[in-house]
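What follows is a pair of complexes built around chain A, which joins chain B in one and chain C in the other.
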Partner chain A sequence: MSRIIVVTSGKGGVGKTTTTSNLGAALAKHNRSVALVDADFGLRNLDLLLGLEERVVYTAIDVLAGECRLAQALVKDKRIKGLVLLPAAQNRNKESVQPEQMKKIATALAKGYDYILIDCPAGIELGFRNAISAAEEALIVTTPEVAAVRDADRVIGLLEAEGVNKISLIVNRVKPLMVEENKMMSVEDVLELLGVPLIGVVPDDEKVIVATNRGEPLVLGEYESVPAQAYSNIARRLEGEKVPFLDLMANQGNIFSRLRRMFGG
Partner chain B sequence: MKRERTTQKVDIRRYTDDPDVMTFEPTISLDKVDELPNSSPLVNRYSQIGLKNNGEQVLLILPTQAEINSDLPWSETWQELKHLLKTKEQSWQEGTKVCLVAKDRLLDARQLQTIAETLDDVKLSLATVSTNRRQTAVAAATSGYSVQQNSAQPLVEEQADEEITPSTLAEPLYLQSTVRSGVEIRHPGTIVILGDLNPGGKAIAAGDILVWGRLRGIAHAGAQGNLQCRITALKMEFTQLRIADAVARPPKLRPKRLSPELAFVTPDGIRLTDTSEFAKNYVFSKSNKAWIGKNQAK
Partner chain C sequence: MLNMIKRFLEMLFPWKNNTDSRNRAKSRLKLIIAHDRASINSDMLKAMREEILDVVARYVEVDREEMEFSLSNDQRMTSLTANLPIRQVKRLSELKENLTENSAFDLQDIEIVETERGPEEANA
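Take a look at the complex of A and B:
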């Protein structure tokens, strides 16, 4: 049984594409076959984050136009077995694809891969509707900011209306110290408003930016990092494992604040 | 630029007087500010898709072309229908027949099919289409539904009567889900929400609004001008409350309340009190057009 999952957020710049690339790589590490679909026609980024830009030959548009077979358009990631990317076209816009066409592509991919992760564009227009048309599940990415949470709420409502009821939440870019000082919404605040189950919390980390610029998903990096750990935990939870959430406060603050926390201060 | 600023000021003051701001897409027109408030029966502005149990069958009533103001795209109507069917209490039996009251709306075969499919998802079956448009009747007949044409038909008349007398409120609307951002619930009666009203979400009722959860969005009770209407919620964390033409914003600092609160109109504007304390302490004074303390009334 393959799973078609859309990664969406409503608001832009909260980390949909980063999440898609890292989750894809993490799932492939777990010996799953994964197809990543870039649904952001006209503003494609997923190939950049995966470092596959120079290997893109055909795009989803070419497949739909019948100019190539689906298998030809898929770009295989050489670093890890089982991970492929279906790139979006950069020279077209969102109107060049219809929801039924996206559905066709996703169902065709579902025959050959365990996971189909669809990277949704920001917004709730046609691009969004294309991306969710085939999805059976959704991962909502949000940051602990009022605007991002508000948009996530809207998107959850739209997904529910479309009958996508298996929705999980990823809270991205959490700054534990700021939360502690009451300067940032906590994960609990976000959860309480959105009312969907949490599947992962990813801390804010400069390493994410470095990895993004280098075109190498963090989970494939040589060094262990907290965000990489968080992403592979999400992958394990998708697989059905019960993994406790990371203690983001573990390495934060000085000895005094840590002691204070220990004694429940 | 300067002129715009001054008119906007006026606009804020008269915000709730102008019924136009309550329509589906609130566009505040700057030119309209100097006109008198529209006094036409407000109920039309709130009527959206209606769902009614009528003994054996369920009536699905679409708003007329006139009621939806401009050309609301079909996808919006369809979205609304889906939302309504998903969240409304399921007071029907499986396989109940539905009569679609399309009034003067033009529906083609494909739209009828999407309606039928959407109804099918919630175990309802479209059987009859009532319309006063010939084209819709033809489309319905071609698709194999029984057709009731013309307004001579009693169902439509009954509906029309209701619209002329907006003083009678519709049955309460009972929603069993959270109202999320971007969703606007309009109902010509009382609204009961078993769930939260999230920020960015809106409930507009001709009657009272009861939120069995957190009220964080915008609630407008007595939207047809009834100052007696109240808004109550288990947790009042609203963005804005409106009762008839009164508006209230939350104060900057507000102590966390554990008990449910109720908002009502006093001679000094909208006030909050513990829901459990309201009935025994306040009485509606017709001369003041507001709720006043019982001691004061004596």
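Take a look at the complex of A and C:
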């Protein structure tokens, strides 16, 4: 049975595309076949994060127009077996795709892949409806900030109204030091507000940006890093494993916070 | 230099100077989210209210002026509370007529809670 999962958030810039690329790579590492679908028509960038931009020939629009077969449009990631990307068109009118068409594509991909991960655009208009049209499950990405959490709640409500009831939460860009100083909401705070189950916590980490610059998902990199570990844990939880959440505070070497903890502050 | 010392002290004793933006964010969000969840479908709420009233009105006479309809949230559970003061319970014969007209409704599935006003007026 393959799973069609949409990665969505409402708000832009919270880490949907970063999450999609890393989860895709992490699942492929677990010997799963994964098709990543860029549903952000007009503003595609999943190809960039994966470092596959040079190899894009056809896009989803070409498939829908009958200009190529679905299999021809898929870009295979040569670094890892089982990972492919269906790119979005960059220059076509994004209004030209309809939910029914996206659903057709995702359902066709589901015949050949274990996971279909759909990278949703920001907003709750047509692009959002396209991206969720085929989804049976959703991963909500948010950051511990007021606007992101509010938008996440709106999107959860819309998904539930559409009958997508398997919804899990990823809290991205957590800054443990700020949380400790009561300057940022904690993961628990966000969970309490949104009331959907947690599937991942990813720290704010400059390695994420470095990996983006390289076009190489963190989980495919040579070195172990906390965010890479976080993504690979999410993949394992998707696979049904019980994996404890990372203690982000453990890796914080800030002398002040250590002093404070010593004094019981 | 003075600034550096100040920053150092702030980092060492954050509570001195901190406005606790974490809890501000949380309490603001609680309000915003409750509002968002309830106001997304105020049109739907209105339509639903009319339909529920129509169904209830088949069995009892409802005080349309006094009734209350409200949405509230607890975690992801949003609940609808309807308070419908009953003026008069309809007679059985009347009910049966209505029921044959509309056999989709099973009497046993509808629980009618009478308010204090109900029986009084029914007696009057």
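We adopt the following convention: the second predicted complex is superposed on the first by the 251 of 265 C-alpha atoms of A that agree within 3 Å, B and C clash if a C-alpha of one lies under 4 Å from a C-alpha of the other, contacts with A are read in each partner's own complex, and residues count from 1 in each chain.
The working rule: a contact is a pair of C-beta atoms (placed from the backbone, for glycine too) under 8 Å apart; a residue touches a chain by one contact, two chains touch by 3 or more.
For clarity, every value in this text was computed on a predicted model and none was experimentally measured.
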Chain B and chain C placed together on chain A: clash or fit? clash
Ask   = Which of the two partners, first being chain B and second being chain C, lies in contact with A:Glu145: first, second, both, or neither?
value = second
Q.
Quick check on the superposed pair: does A:Arg154 touch chain B, chain C, both, or neither? Answer first, second, both or neither.
A. both
**Message:** Between chain B and chain C, whom does A:Met1 touch in the aligned arrangement: first, second, both, or neither?
**Reply:** neither
The answer to whether chain B or chain C touches more of chain A is C
Touch test for A:Val196: chain B only (first), chain C only (second), both, or neither? second
Going through chain A, the residues touched by chain B and also by chain C turn out to be 150, 153-154, 156-157, 193, 195
Within their complex, chain A touches chain C through residues 144-146, 149-150, 153-154, 156-157, 179, 181-186, 189, 193-196, 256, 259-260, 265
Listed in rising order, chain B residues that touch chain A in their complex are 79, 82-83, 86, 121, 177-178, 180-183, 196, 198-200, 216
Residue set of chain C touching chain A in the complex reads 11-15, 18, 20-23, 25-26, 28-30, 32-33, 36-37, 40, 75-76
Listed in rising order, chain A residues that touch chain B in their complex are 150-151, 153-154, 156-158, 160-161, 163, 193, 195
